[in-house]
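Report on the following structure.
Going by the order they are written in, the chains are A, B, C and D; count residues from 1 in each one.
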Amino acid sequence: MTLLLSPNTQWVLLSTLILGMAAGMIGCLAYWKRQSLMSDALSHAALPGVVIAFALYGSKNLPLMILGAAISALAGAFFIGWIRSSSRIKEDTAMGMVLSVFFGLGIMLLTIVNRSAGGNQSGLDGFIFGQAASMVRSDVYTMLALGIIVMLVVFIAFKEWKLYLFDPDFAKGLGLSGRWMNAVYTFVLVLVIVIGIQAVGVILMAALLIIPSVSARYWTNSFKWMIVLSAVLGGGAGVIGTMLSAAGKGWPTGPFIVAASSAMFAVSLLFGAEKGLVVKAVQLRMQKKQLAESWTQHAAIEEAQ
Amino acid sequence: MAILRVDGLNAAYRKNRVLNDVTFSVEPGTLTGIVGPNGAGKSTLLKVMLDLHPKLSGDVSFFGSPHGKVKTRIGYVPQRGSVDWDFPTNALDVVMMGLYGQIGWFKWPKRSDKENALASLDQMGMADYADRQISQLSGGQQQRVFLARALVQNADLYFMDEPLAGVDAATEKAIMMTLKQLKEMGKTVMVVHHDLQTVEDYFDHVLLLNRTVVAHGPTDNIFTKDNVYRAYGGALRFMKEA
Amino acid sequence: MGYTAWILLTASLVGLCCGIIGTFLILRRMAMMADAISHTVLLGIVVAFLITRELSGIHMLIGSIIAGLLTAVLVQWFHSRGVQQDASIGVVFTTLFAIGVILIATQAGNAHLDVKHALMGEITFVPWNIVNVPFIGGVPEAVLMLVIVLAVTLVVILAFYKEWKLTSFDPALAASLGIPVVFMHYVFMSLVSVTTVASFDAVGAIMVVAMLITPAAAAYLWTDRLSVMLVLSGGFGILSAIAGYYIAVWLDTSISGSMAFATGLVFLFSFLCSPKHGVLAKAVRPHARHAADKEAA
Amino acid sequence: MLKRNLLGMKTTAMAGAIAVLLLVMTACGEGGGKENGSGKEDVIHIVTTIAQIAEPISVIGGEHVSVQSLMGPGVDPHLYNATQGDIRKLDGSDLVLYSGLHLEGNMTEVFEQIGKTRPVTGIAEAIPKDQLLHDENGAVDPHVWFDIDLWKQALSSAVEELKKLAPDNAGQFEANKNDYFKQLDELKTEGQTKLAEIDKDQRVLVTAHDAFGYFGRAYDVEVVGLQGLSTEAEIGLSDIDETIAILLEHKVPAVFIESSINPNSIKAVIQGAESKGLKVQLGGELYSDAMGDAGTPEGTYIGMYRHNIETIYNALKGKGE
C-alpha cells in the first residue's frame, strides 16, 4: 500500500490525529457547558473579521485574514457570554443570534467590498476555510503546538475544570473565579476553532468538537475517562477517515473523517457500557428473567410448605 | 372498595432494580405519607403508577380501571426543578395548565376555568400574585402555585412528589392545611415525604417503602420503631418512642 | 404593486412567519435547529439533483424540506435516547452535511452544484419570477409560498395554543395530562422546516437563522406573557425586515445581509433598554427590583 | 380586577400584526417602470454580467455604447450577491448581455423578466452544443471564454444584437469587430506558438479549480483541476496523490493557483511532490472566473488571456529538475 506512505497522507494523518485529540478534549468541556455548537457559531461569526482584514490590507493575505477571523470570533464569543450572563436569553439562542447577525454583517461588508475597485475579492466567504486533504508539514507542527496547549490547560487545572463545569456556584464559593476560568476556556476554544477551520474547514471542525465527546459519554460516567476516551475517539476518527479517503478514488478527506466519527458515535450509542441502548435492553431483559426465576422459586417454596 | 390497587409491581431504573413485588391498596378519603430512605423508589413508584416510567411487571388500577381511562380524575404534582423558570407565563397561567387536559383540543379556556384557577390560587393564599411572572416568586410560592395547579383539576386522587421539600414554614403549614381539607372532602392523597419527625402529625396512613413494602396501614399501629428500623435498615440513631 | 413594495412585502412576510415560529423555537431551546437545517439542506439538494439530474427549483425545494424533516426526526430520536439537545443537533447536521459533500465529490461529477445556486434565492430577484394566482393575478412565487406558510403557521399555533404553551413549559405534566408531546414535537419541527426552507428562497440560509431567532429573543426581553411575546416577535420581525431594506438601499449592499444585521440592532436595543429585563434597567434600579422580591417572599 | 379576559386580548393582538402588514403594503407602492438612460441620444446603454463580455463589447461598440458590468473585476459569478443598485442598472439599460450556460445560476429568471422590456441575450448560448465540453452526465462547462474561437462566436452574436439596436452604425460595428477579432487571432496564434514550444509531455496545467477545460482543448494542454467545478466539493487525499503522480510522470515544473480559491490545496501538491524529489514551483496566479483590476492590462480580456498564456509559458518552459 505505497499510497498510504505518501507524504501528504502522512501529514494529513498526523495533523488530523492531533487535532482530533485536542478537539476531543476541549469538546468535553464544551459538551458540559452546553456549547457544543460553538464552533459552528464562531466560524460564521468570523466572516466580518475576514472581510475587514481583506479590505484593510487590499489583497488576500492568509495569515492576516485568519487573524481577522480570530478577532471577529472572539468578539462573537464575548457577545454570547455577555448576552447569556446578563439576561435570561439561553445559551443556544445567544449562539444562534451571534452566528447569523455577524454573518449578515459579513455579507453586507462583502457586497460593499465587491463593488469597490481592487482585484480578486471573490470567494472571500470561503477563502479562509481549508480542507483536510490539503494539510502540509507546517500544519503538523501547528497542530502539535495546539495539542500541547490544550493538554496543558486541561490537565493542569483538571480538578478545577471538573468542579467549575459541574457546579459553577460552588466553585465560586471556593474562591475559584468563574470569570477567569471562563476566559481561559473561551480563549482555548476559539484558538482550537480558528486553527481548526482554516486547516480542515467548518463542518469537520464542528464534528470533531461534538461527536467524540458525545460518543465518550456513552462509555463512562467519570469525567477523567470521558476526556481521555474523547481524545482517543477524536484522534481515531482522524486516522481512519484519512486512510479511507486515501484509499478511495476522489473520496474527500474531511467528510470521511466526519463519517468515521459518526460511525464511532453509532457504535457507542448502541453498545456503550454506561448508557448504550443495547446494553440497557439486555439489562432490562435480564431483570425480567431474574424476576421470572424468583417467581418460580417462590411458587416452588409455597408448594413445599 | 379500594380506590387504588397495586399488585406485584416491579420496576428498574438504569442498572439496579428499584421496585420489587410492591403490593398495597389504598382506601378513599385517606391521607397517606410514602416514607423511606433515599433510593427506596418513592418517586419511581409514583412515576411507574402514572405510566411515566416503564414497569417490568405487575399491574396498577385506579377506581378499578387502568390509568389511561381515568387520567382526568388523577392529579400529579411532580418534583420541582424540571421547569425553566424564565418561561413567559404568570402564576395564573401555570394553574390554568392543570385544566388543559380537561378543556380538550381546539377549545380555549373559558371564563369559568379562569375563575376556578383563581379560586385554587386563593386557596393556597396566592391570589394577589396571579399575574406575577413565576421567576419572581420564592421557592415556597412556586410550590404553592404547582399545588394549586393540581387542585384546580378537581381530581379524586392526588399524587405529590415531596411537595414540602425546601419550602418555608408558612408554606408548609398552608400545604398541610390544604391536604387536610382535601381529606375532609373525601379526596384521596398520597404524598412522598422525607421528614420522619412530622409523619405522625401530618398523615393518617403511612406506606413504609424500601424497594418493597415494609409496612402499610394507619399511622398509629404501623409507624413503630422496629418497622421504621426495618425500612431504614438501622440507619437511625434515635427516634421518638412510638 | 411597485417593485419595492413586493420586496418589502416579502421581507415582512419572512419577518412575521419566522418571528412567530422563532418564539417557540427559542422557548423550546431549539434555536440551533434552524442553523442545522440551513446546513443539512445541502444533502436534500444533492439527492434531489442526483435523482432528477437538473437544478430546477421545485425538486430542490422538496429535497430541502425532506432534509429538514429528516434532521428534526434524527435530532428528536437521539435526544429521546439521552443525548443532550445541542449535542444531538451537532451530531446530526455534521453527519448529514458530510454525506452531502461526499455525494457531490463522488457522484455529481463536475455539475455546477452548490447550495448558493440551487436554492438560495436573492430577495432582489423575488419580484421578477411571477406566478399567476386565480383571482389576484401576478404574485411573486416567494410571496405566495410565504403567505401559505404564514396561514398554516397561524392556524396550527392558534388552534393548539395552550398545548404548545404546556409542552414548551412543562412536558412532564403535559405527558401526564395525556397530551401527545412527541407527536406535537414533530409537528412543530415540520413547521420549522417548511418555514425555514420557504424563507431560504427569499433571503438565503444564514439570514433565515437571524429572522427566526433574533426578533423572538428581543421580544423575550420585553414581556412575560407568551401571547404578547408572539405578537412582539412578529412585529420585530417586520420592523427589522423593513429597516434592513432601507439600510441596504442607503449603503447599496445586500438586502438579506442588512435584514439580518437589522435584527441584531433591534435585539441590541432591547437588550440594553428594555424596561423589564434590559441591562440598563437592571443597573439603574437594582434595589427596587430586589425589594419587590423581598416583600413578596 | 383581572385584565380583559385572556381570549379577547390575544385576538386584538393578532389583528394588530395584520394591520401593520397592510400598512406596509400600501405605504410604499413606489412607481417601478423604466427610468430611461440619460446621456447622448444615440448611445446604447449595455449592461453585462461578467467583465469578459463588457470589455470586448465596449471596444467593438466604441463611442456608440456605454457598457457596465454587474460583477466587478474580482467578483466570482458563482457567488454573486445582487443589490438594489444592480437592479437599477438593469432597469436603465437598453441591452443586457450575459454569458449563459448556467454560469450565472439563479439570475436566469431575472433575465427572462427583464427580457420582456428590452433585448436580453445569453451570448454563449449561440455556440453550437457539440463544440461545448460536457462531463459524463451532461453537465456543461460554462467557462467558454478560454477558447478564443468559441468566444468570437459568442461576441459576434452580441454584435448582431448591437446592429439590430443601431442599424445605421452596423457597418462601423462590423469593422470594429473584425479589427478586434484580428487581435484575437494574433493572440491565439501567439498562444499556440508559445505553448507549442513546451514539449507535449510537460504541457500539464494543474490548478485548484477545474475552469480551464476549454483552454486545454484549444492549446492541446492536459488540464488537471483538483476540486472540480463545484465550490462546495472537498478534495480527497487520493486527488492530491494522483496529481503528484502526474507531475512526477511528466516532470511538470510548475502548478498554478487562482485568485478566488484557497491556495492550500495547491501548496499541498507542491510540498508532496518536493518530498518525492520533484522541485515544483508555484507558477503564479491565473485568472479563472474573474479578470484583473479595471484600467490595468489584465483588466481587458486580451490582457487577461495574454497574462495567463505568459504565466503558463514561463512556468512550464523551464525543465522540472
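We adopt the following convention: contacts are C-beta pairs under 8 Å (C-beta built on N, C-alpha and C of every residue); 3 or more make two chains touch, one makes a residue touch a chain.
As the structure is a prediction and not an experimental result, all values here were calculated from the model.
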Chain located farthest away, centre of subunit B as origin (C-alpha): D
Between A-C and C-D, the pair joined by more C-beta contacts: A-C
Per-chain Cα centre nearest the global Cα centre, belonging to chain: C
Separation of mean Cα positions, subunit D and subunit C [Å, integer]: 33
Interchain centroid distance [CA atoms averaged], subunit A/subunit C, Å: 25
Geometric centre distance via CA averages, subunit D-subunit A, whole Å: 37
Rounded Å distance, subunit B centre to subunit D centre (Cα mean): 72
Junction residues of subunit D, two or more chains touched: 6, 79, 81, 83, 85, 231, 233-236
Contacts with 2+ other chains: residues of subunit B: 108-109
Multi-chain contact residues (two or more partners), subunit A: 88, 90, 107, 110-111, 115, 250-252, 254-256
Subunit C residues within the subunit B interface of the complex: 27, 29, 159-163, 165-166, 168-170, 172-179, 220, 223-226, 228-229, 292-293, 296-297
Subunit D residues within the subunit C interface of the complex: 6, 9-10, 13-14, 16-17, 20-21, 24-25, 28-32, 78-79, 81-87, 102-103, 105-107, 109-110, 112-114, 135-139, 141-142, 210, 225, 228-236
Partner subunit C, residues of subunit B touching it in the complex: 50, 52, 68, 71, 76, 78, 82-84, 87-90, 93-94, 96-98, 100-101, 103, 105-106, 108-109, 129, 132-133, 136-138, 140-141, 149, 168
Residues of subunit B touching subunit A in the complex: 10, 12, 14-15, 17, 20, 56-57, 86, 135
In the complex with subunit D, residue positions of subunit A that touch it: 3, 6-9, 11-12, 60, 62, 107, 110-111, 114-123, 125-137, 201, 242, 245-256
